[in-house]
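Two complexes come next, and they have one chain in common, subunit A, joined by subunit B in the first and subunit C in the second.
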Partner chain A sequence: MIEIKKVDNRPLNLLERLYIWEIFKGFLVTSGHFFRNLFNPKGLITVQYPEVKRPLEYAAKRRTRHRLKVRADGSPKCVACFLCATACPANCIHIEAAEYQANPVEKYPAVFDVDLARCVVCGMCVEACPEDAIAMDTEEIPGGALKREEMYLTREKLFRNLPGEPSLKGAANRLAQGGKGIGRG
Partner chain B sequence: MEKFKPVISLLNLDLLLFTAITAVKIGFLLGAVMGFTAFLTWVERKLSSLMQDRVGPNRASIFGFTLLGLFHPIADGIKLMMKEDFVPARADKVLFTLAPVLTLVPVLAAFAVIPFGNYVDVMGLRVELVIARFPLGLLYALAVSGFAIYGTFLAGWSSKSNFALLGALRGAAQMISYEVVLGLTLIGLLMIYGTADLQQIVREQGKLLFGFIPAWGVVYQFPAFILFLAAAIAENKRTPFDVVEGESEIIGYFMEYSSMRFAVFMFAEFIEIILISMLAVTLFLGGWQVPFLEEAGFLFPGGLALPVHPYLTALAQMGAFAAKTAFMCWALMTLRWTVPRFRFDQVMKLAWQGILPLSLLNILITGLALTLI
Partner chain C sequence: MPKLTIDGKTIEMPKGATILQAAQALGVYIPRYCYHPSLPVSGTCRMCVVEVEKTAKLQIACATEIADGMAVRTDTPAVKKARRDVLEYLLINHPVDCPICDQAGECFLQDYYMDHGLHKSRIAPGDKIRRSKRRAAGKYLTLDNERCILCTRCVRFCDEVTRTGELTVSGRNDASFIDMKEGKGVDNDYSLNIADICPVGAFTSRDFRFKARVWFLKKTGSICTGCAAGCNIEVHHNEGIVHRLMPAPNPETNTWLCDRGRMTYKVLRAGDRLSKARIKKGSMEPEPALRQAAHLIDDAAHRAGPESVAVLGSPYLSLEDNLAIAELASGSIKTGALCLDFSCEQGVKDGILINKDQTPNANGLKLLRARYGGLDQNALIGLINSGRIKLIVAEARALNSLREKLRDLSNIPTVILALAKSDLDFDSDCVLPYASYFETEGHFVNYKGRIQKTAAAVAAPEGVQPLWLVLSKISSYTGAPIKIEDTKAMSAKLSEYALGKSVIPAICKPGSIAAKSTRE
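For the complex of A and B:
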């Protein structure tokens, strides 16, 4: 619904142009807030952030720290296609690909680093991923480290499954299990 | 007024006693003011946060105790001391060092004439609770606080930075304009009390009007009180008159200052808040006067008398002065976080076309009233 606010553009009257009475009214507003909050601090809207966390709302959950999904056998879901690194506007993803010995079809990331210090939390990597391997739904807000190294996520720090994962029905799990059902045709 | 004998020899016992008593008074007032200044830096942050529905500083802790963030002034002090003491390469080193000193000293010197109590009799000796009492006390306070302009201007000039220099120019224009106006707003009061001795002015305010209204300056001269506050806040260079500094974007005359040199400017600003509050209290809000508290004790309009010990009276009066000063500081700070900043031409217009004619009108009306009554 569109709200229309009508602005009162009438010229100021003498009392308002003198400014003193208007300052006094503003003074009452601010000191009213002051005393209300002084004697009843429950009205304060500040959250003591690291200790108290407000649940993230709606899409904000999908713009948090990255994770790489893992299959049932423990191998990464990522196939090192470099699409996320290509899509990344901040160039914060570094991938080095390697091949499975037994499986000539797919690759895996030998190195998969995300530099959170450069990441702009745009979510382009998640959108680009064809394998649904990278996600940003850990609900951990990046930042607040004492050293740069702490902001640099390597493969091991990124591997994580949320409860209910991995799904054993997916095609990707069959791929990792020795390529059954693959390469026939 | 007591007259001191001319000094003949340095071993004059009167002189030694006078020096000792004055030293004690200076130590007491300076300690109180300095402590209150550190407290005010915390109050400003906490007060602004509370009136904006925030919590404000509450993290600095010693052994896990935060005491509502009261350790933040200490943390600020330690941090400022550990910052690099930077002097621009082309700056005038002597003036650059002198400028913060010239900002702080006049503000502190003005406290000498502020009466913070009536008097106490210590072992048969009457001690006036004011550091230096002399007939032109008010003029001294105005003259000394006018010296602060040198600190402002030298800071901008000596750092050889164009932005700092522009800030200093704004500061000089504003401070000189409001210095003129500040004096004029008080003339009506001087006409009524007939003295510029601040202690005497406060004693005059102990009288009662119509038998029950305390004859404070604000009762006689309410318009002058408003004008004085406006001019004093402008002299203090705080919002709504903070175009000189403009901390959120332009940054004024102390742009090149860092570390404790910067802290001195900041500290001087907060001390000046206390000075303005004390002056306003002394001149308009009855100074150390507690309503109906005479020298012998309480004397209420209905004829009810309540004797009070002289020491208790002195304590109550000093407490009243402190409470009134704290209230004025609170009011000034609330005002600073309520009102938006004026444009620079509006600041100048307010001084020369607003406060100046109004204070002249006030003098005229006061003069007429004094002649007719």
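For the complex of A and C:
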């Protein structure tokens, strides 16, 4: 249920039209906060971002900084299929694919960069991923860096498994399991 | 001629044509896997089934001959259900590993599933029959048996087109799979065509493997410069990088494309490519190096007379570039030691495509020779060997082709135009880079005398210009300009001098022909 607040649009009276008293009332509010924070800094409402970060609430948790999931052997779950880069409206994902010589998964991303300065945090890469390899559930707000280079996430910075992982989801997972062939050929 | 109706539309086709061909002529698309217009019909995939009036069962369109009064329907519920069922059957054991498959994006399984399938799989992923994954099949191919739908296009290609017969279907019924014959890899000269005609990801190219996703690729119609055949090609490129060359079928030139032709784009690859000039073994920006080249030419012409400068045309270069070479010799340097004679035996070598003449433009040189004259090859070689030549201006590969007959070149200064470092097997004090025919337009005359044009698909490295522009600038620095400064002046000169006004409209624009791809 949306709460409706009725705005009182009556004309200003003489005291209000003079503004002097109203300005004084405004200063009272400001200086009230100033002295309260001066003598009781623990009650500060302002968060000193990015040095201090507040835990996120509700929907804000759903799309945060990216991570790339890794398999049990430490290799990325990503197979460089480029679907995230295709879906990305901000063109912020740069991938270079390479071939495994021995690993049966065959394909992996030799380079996987996310440019957070370009990212619009839309989450389309996560939706597009057929391998369950990219996720945006680190609960860190992307960006908030002091240098531009820090906004550029390389493959190694993106690798991270959360507790309870690695999961076995993803199309290439059965290749990683090394399932032997039933049929010939 | 028999007259038949397909989906209510009437068409008359010559006797012996199939329903699929008639439908194609009418513009009715019938999905297919095993049928390929350039291969014999096998009728294995059953994807092209249609309903023919007065027949008990559905018929396959690719192998059913047309008859007078035949009424065919391709859109009935029975046909739609059959297509769906065939597709579900083909996909039963398919690994659906599209994320690691290079065919994804141009895969007939993906396309037809979206058009005709959209079913849920009734087989759990764990119950699918597994087959062997990637393995090398020859120099250029990778074979993945798990993705194969056994359409046998590849087997028929090796049997009927190249007649090398490396591939076969091994095993029986549901255990059958595509295999290489004992001790054989797919090592014929046309092996990459198999990757094109494979409708799924079973055969993929080892050269293109994981280089790019196909939906990012942009396509530019052009001409292969690998030999005198003049095959029409599509250059597939993205963000200024050429990733692969594909044939653009044209009944006048080619259906397929040979492996060597497909690798001609490698000249663009960094490392080997010249993007800077080399003056006395030091690297230099191309523009100031032109002054050095002009100085060398001026110096030799003043000291020993213009006749001491030899200028070589090149069968590897376009008409434009050779025209500029001829103009430089006769109009600017005013030397008689111009050689445009590089013709050699021509003709199809293997009965398919590859030409005996490995140069793309020997016939173009003949056109220019009719206008500019110049020395015979042997006369020029004699002149150089006699020591009367004090400077040679030439393109690297053209000079290389004469090396066997030439005496030691180390005493004669040269101005060499080269694309790649690997083309230089001798020392030169002045090497100038030029734009390749993936980066600039150029006319070539193939062995049949067909004049065709390459297209600029990607940009040349910074500062690198077309060869004719390089020569035009050199001539301005020597003080006797050939006055060809832009493409407009070039094409005017070309139509006036080399081609004659009547020939120009006959130039085919590759890619503009309704070229069906060989994947078809």
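By our rule, the second predicted complex is superposed on the first by the 111 of 185 C-alpha atoms of A that agree within 3 Å, B and C clash if a C-alpha of one lies under 4 Å from a C-alpha of the other, contacts with A are read in each partner's own complex, and residues count from 1 in each chain.
What we mean here is this: contacts are C-beta pairs under 8 Å (C-beta built on N, C-alpha and C of every residue); 3 or more make two chains touch, one makes a residue touch a chain.
These figures come from a predicted structure and were not determined experimentally.
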| item | value |
| --- | --- |
| Which of subunit B and subunit C A:Val105 touches, first, second, both or neither | second |
| Comparing the two partners subunit B and subunit C, which touches a greater set of residues in subunit A | C |
| Partner chain(s) touched by A:Gly143 [first = subunit B, second = subunit C, both, neither] | neither |
| First (subunit B), second (subunit C), both or neither touched by A:Pro89 | neither |
| Touching partner for A:Ile23 - first (subunit B), second (subunit C), both, neither | first |
| Touching residues on subunit A, where the partner in the complex is subunit C | 79-83, 86, 97-99, 104-107, 130-131, 171-172, 174-175, 179-185 |
| Complex contact set, residues of subunit C against subunit A | 93, 96-100, 104, 125-126, 129-134, 145, 170-171, 174-179, 209-211, 213, 215-216 |
| Of subunit B, residues touching subunit A in the complex | 47, 50-55, 226, 334-335, 337-339 |
| Touching residues on subunit A, where the partner in the complex is subunit B | 20, 23, 26-27, 29-31, 33-34, 37-38, 41, 43-46, 48 |
